[in-house]
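When the chains are written out, they are named A, B, C and D in that same order, and each has its own residue count from 1.
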Amino acid sequence: MSITLTDLNSLGRDDFVTALGNIFEHSPWIAEQVALLRPFAGINPLFAAMKAAVERAPSELRLALIKAHPDLADKTQRAAGLTADSDAEQNSVGLDRLSDAEYDAFERVNNAYRSKFGFPYIVCVRRHTKDSILRDFERRLPHDVAAEMRRSIEEICRIAALRLDQLVTAEDRLPVHGRLSTHVLDTHSGKPAAGIAVELIELADLGASRVVARAVTNADGRTDQPLIGGRPVPIGKYELSFSVGEYFAARQVPLSDPPFLDRIPLRFAVSEPEGHLHVPLLVTPWSYATYRGS
Amino acid sequence: MSITLTDLNSLGRDDFVTALGNIFEHSPWIAEQVALLRPFAGINPLFAAMKAAVERAPSELRLALIKAHPDLADKTQRAAGLTADSDAEQNSVGLDRLSDAEYDAFERVNNAYRSKFGFPYIVCVRRHTKDSILRDFERRLPHDVAAEMRRSIEEICRIAALRLDQLVTAEDRLPVHGRLSTHVLDTHSGKPAAGIAVELIELADLGASRVVARAVTNADGRTDQPLIGGRPVPIGKYELSFSVGEYFAARQVPLSDPPFLDRIPLRFAVSEPEGHLHVPLLVTPWSYATYRGS
Amino acid sequence: MSITLTDLNSLGRDDFVTALGNIFEHSPWIAEQVALLRPFAGINPLFAAMKAAVERAPSELRLALIKAHPDLADKTQRAAGLTADSDAEQNSVGLDRLSDAEYDAFERVNNAYRSKFGFPYIVCVRRHTKDSILRDFERRLPHDVAAEMRRSIEEICRIAALRLDQLVTAEDRLPVHGRLSTHVLDTHSGKPAAGIAVELIELADLGASRVVARAVTNADGRTDQPLIGGRPVPIGKYELSFSVGEYFAARQVPLSDPPFLDRIPLRFAVSEPEGHLHVPLLVTPWSYATYRGS
Amino acid sequence: MSITLTDLNSLGRDDFVTALGNIFEHSPWIAEQVALLRPFAGINPLFAAMKAAVERAPSELRLALIKAHPDLADKTQRAAGLTADSDAEQNSVGLDRLSDAEYDAFERVNNAYRSKFGFPYIVCVRRHTKDSILRDFERRLPHDVAAEMRRSIEEICRIAALRLDQLVTAEDRLPVHGRLSTHVLDTHSGKPAAGIAVELIELADLGASRVVARAVTNADGRTDQPLIGGRPVPIGKYELSFSVGEYFAARQVPLSDPPFLDRIPLRFAVSEPEGHLHVPLLVTPWSYATYRGS
């Protein structure tokens, strides 16, 4: 379900508020305030206006906005029903299928945070993996209330920007998308390596690692689509795995038995979800190199 | 327990046969034949003489030599007692602590092989990992009897060379030792990387991977001892893991958060147990390279 | 001076022949033959028709086409006047400013070739450097007449394709353009290296090397324009020179004195004038790497 | 002509002073002072004693020591005769075969320095190239007299250490020797590259570059001898040139025509004459890498 900016600009006030009422969780008053500022020339000015409305709101209203958010991975709240957006966001990072140990970890987080600050721990989960959420929590828990109110509003604005980006079609784009790409160059033959099976694995300290993308390199040594694109690249640890043994064997290159290199793992971390991270592989049957490209 | 070549040369015939009687499993006749050829100028001529005795023996005697060997990982035989050498050899590759699935795999191997050829499956286990033994078996099972008799004698000679190397001290060495080494060069500072924690992990398709060596790089970026040395490097798959995140953090190098590179895994296979394999790492916080060196 | 394909399609026959009369040197009969085949849907079908006219022409006519070409770097002929196209082509590769030694070399080539085959040595000079022309000559001189007639026609068609490409504007392009590009990645900081001065030098075995392009890398570590583009990349030897010493010094990176790396030369050869050759540099103050990319 | 430390220890006092009288240019008083301190347990204690004698000498004597040295590259003084040591030292860096432009440059240096400080410009030329001497001069000229007296004494001690190292044989060595080595690894075949022709060229800003070492890599991909060893590696700029085109062609590796890589130049600077600098090459027909190793 999406709507064009043009249509948004021409909706009646109530329909506009209905359309954008949950961009900020359970807080239609923000849409109400910006309805009067229409028409918007782009999605960026629209979002800027909504953000400004939040920032100039009185402290009590900002606190209410924070408290309108659910806990992360809370079974009781999930059973009682989340907003569709919150539900999808939490599912995207796997919070709906936690192991018991993970549930316990998140429950500790929520309780510790709520008992210190009096409001729920909020983070824009689409920019994170489970591990990075828990690390984020540990860093934020020592803060004071004022700092955490500011930080919560920041995270809420990030959540809102992603919701708005998914809902509204416009000529301009919000800068909420990152990209993770790769490229395999066969320096044995001096050509791009075509036909190499690539897996992207999200590594987990807690719980199980999981394959998040699979692809095969094309004639240019790249994947047809970025491994992750059109959304933030979640902060976390990853492994790219390249099946180079099969590739060189298929090309009749003399190899040792077993081949010196077979499946090459490249492990790296993502720290900027909205950036473009390029992780290439330069490879022969006897050597390889990688670097953070752009 | 070791003996010098000089002493061996001067022992009485019976003592000599006793000393070398189990170099070839339960087959003192080989030591008896070479006792007359003393003195030996080195351990290499001694071993060559023993090998020649095996090769010129009549077929029945060679078959008896083969049949004198125990099955691999056979619980019943182990309970009944192996020679001390066989026991230590099988333990070295972990055949004394197999999972149930592994026991089953080895039992299948032994039975299939014995029922086809009429003699036990023999391999020089000190040159192997469990995975490579099972792969070796699969390649050898389709052979005919003559080929497998030749191959069994080859493996028996390899076992004997390693036993002789462990038992006898001489000025020359048998060419039965390989070496696996590494080196970390920090191309960010242009210096050897000192103080990097390194782990060598033997990877297993079946059963669990296990750490087989741990070290910290010295001022020259090397480990004080080779990761594996003074013995064959078992054929198999390995991972070297380098804790570079801690290293660069300790040097106050600006890093992303989390660091782009933290623990770098290099995965490779060993195919020549008696060779010298050097697997170096050239590394900055943003790039790395490796190659098969020598 | 250029003309659109649309205009060419609608010109009167004589004007069409005038426009394309020198695409093949002094040989308007080729344009005459294809005039009747208009309209052409693109420049590729137009060129294919002209090439087909040449190929189906009787042997005498093809020989006359070959003989219509001037010698390379012949002072007498140049003094008497070449076609504007021939003049510009020869100048592009520096045949108008040869040293005495080079003039002698080319005169020997021309004379040896003409006295063996009875027609001038023809090569598409825009695809070459002086050195590669002389090497091409040496390889062709041992051929027989039939082979050299075929080869001369090939080269004439390459010349014609480049002339047509320069003259005619169409929606499609003839595949006559190559590209040489570079990219500098600073693996010390993990970012593209901006502000690096780059020189491309054409190396000469005979005569002097010369700088053929200068650029400074932009924020993406690339040059704003390809080092060579929009034309064939001449077959020959090149050096790319990167001023990395200044770059790292300006960034306050600790360096040795003098800096270990200052101006890095990468030497390579171009063999496919119509290909895309990418020669990147991965660099720290203490290490670098390059590879043939694409 | 060399003498053992044992013999030096047992010589009569006058013979000892004669033997070591020119270790410090025209200054036998230093040998006289240390003669009484014999026997020396090693060449290092001997040199330390001589250096201490210089350092505790009154200022006038140190100035006289400085003034006992000739100008660099001074034709008049050379015609009148230098000590054999000074002559050999100046020749080692090519000061006996300067171009006119170089003579002029050195004459300017000497005159400017002498007219400011009242004593000759002294530098340990065996640690330098002509270019680095001129740069050293430029850096020192702005100093005050006290700083330059100290610095001159330092350089005189370096000269003395090298003279002593050449003259005296002992079990210990003075730390005056550096080393420059290389290694070629063929990452196309995964083996050391044997049979690669290597040239080491000393690059000159002023005057001509010159080949200072030639070698061919052995089975281990190294040169049998270090490219420079057993002496200081002169501060300066160098190029290592590797003939990899011939190497890969001889191995029947498919190459482009002309080969993408033929003679690979690695350019680098030496800054620590007494250090061990290792400059390896990792190479395929389509890629290469180098780094400052150790």
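Keep in mind that, in the parts below, a contact is a pair of C-beta atoms (placed from the backbone, for glycine too) under 8 Å apart; a residue touches a chain by one contact, two chains touch by 3 or more.
Everything quoted here is computed from the prediction, not taken from an experiment.
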With respect to inter-chain C-beta contacts, which pair, B-C or A-B, contains the greater number? A-B
Among the chains here, which has the CA centroid at the largest distance from chain C's centroid? B
Separation of mean Cα positions, chain B and chain A [Å, integer]: 47
Per the C-alpha centroid definition, the whole-Å distance linking chain B and chain C comes out as 58
Multi-partner residues in chain D (2 or more other chains touched) are 187, 190, 256, 260, 282, 286-287, 289, 291-292
Hey, how would you classify the chain contact layout here, line, ring, star, complete or other? complete
The answer for chain B against chain C in the complex is residues 187-190, 254, 256, 260, 282, 284-287, 289
Chain D residues touching chain C - in the complex, by the definition given at the top: 132, 135, 235-237, 256-265, 267-269, 271-272, 286-292
Within their complex, state which residues of chain A touch chain C. 185, 187, 190-192, 220-221, 282, 289, 291-294
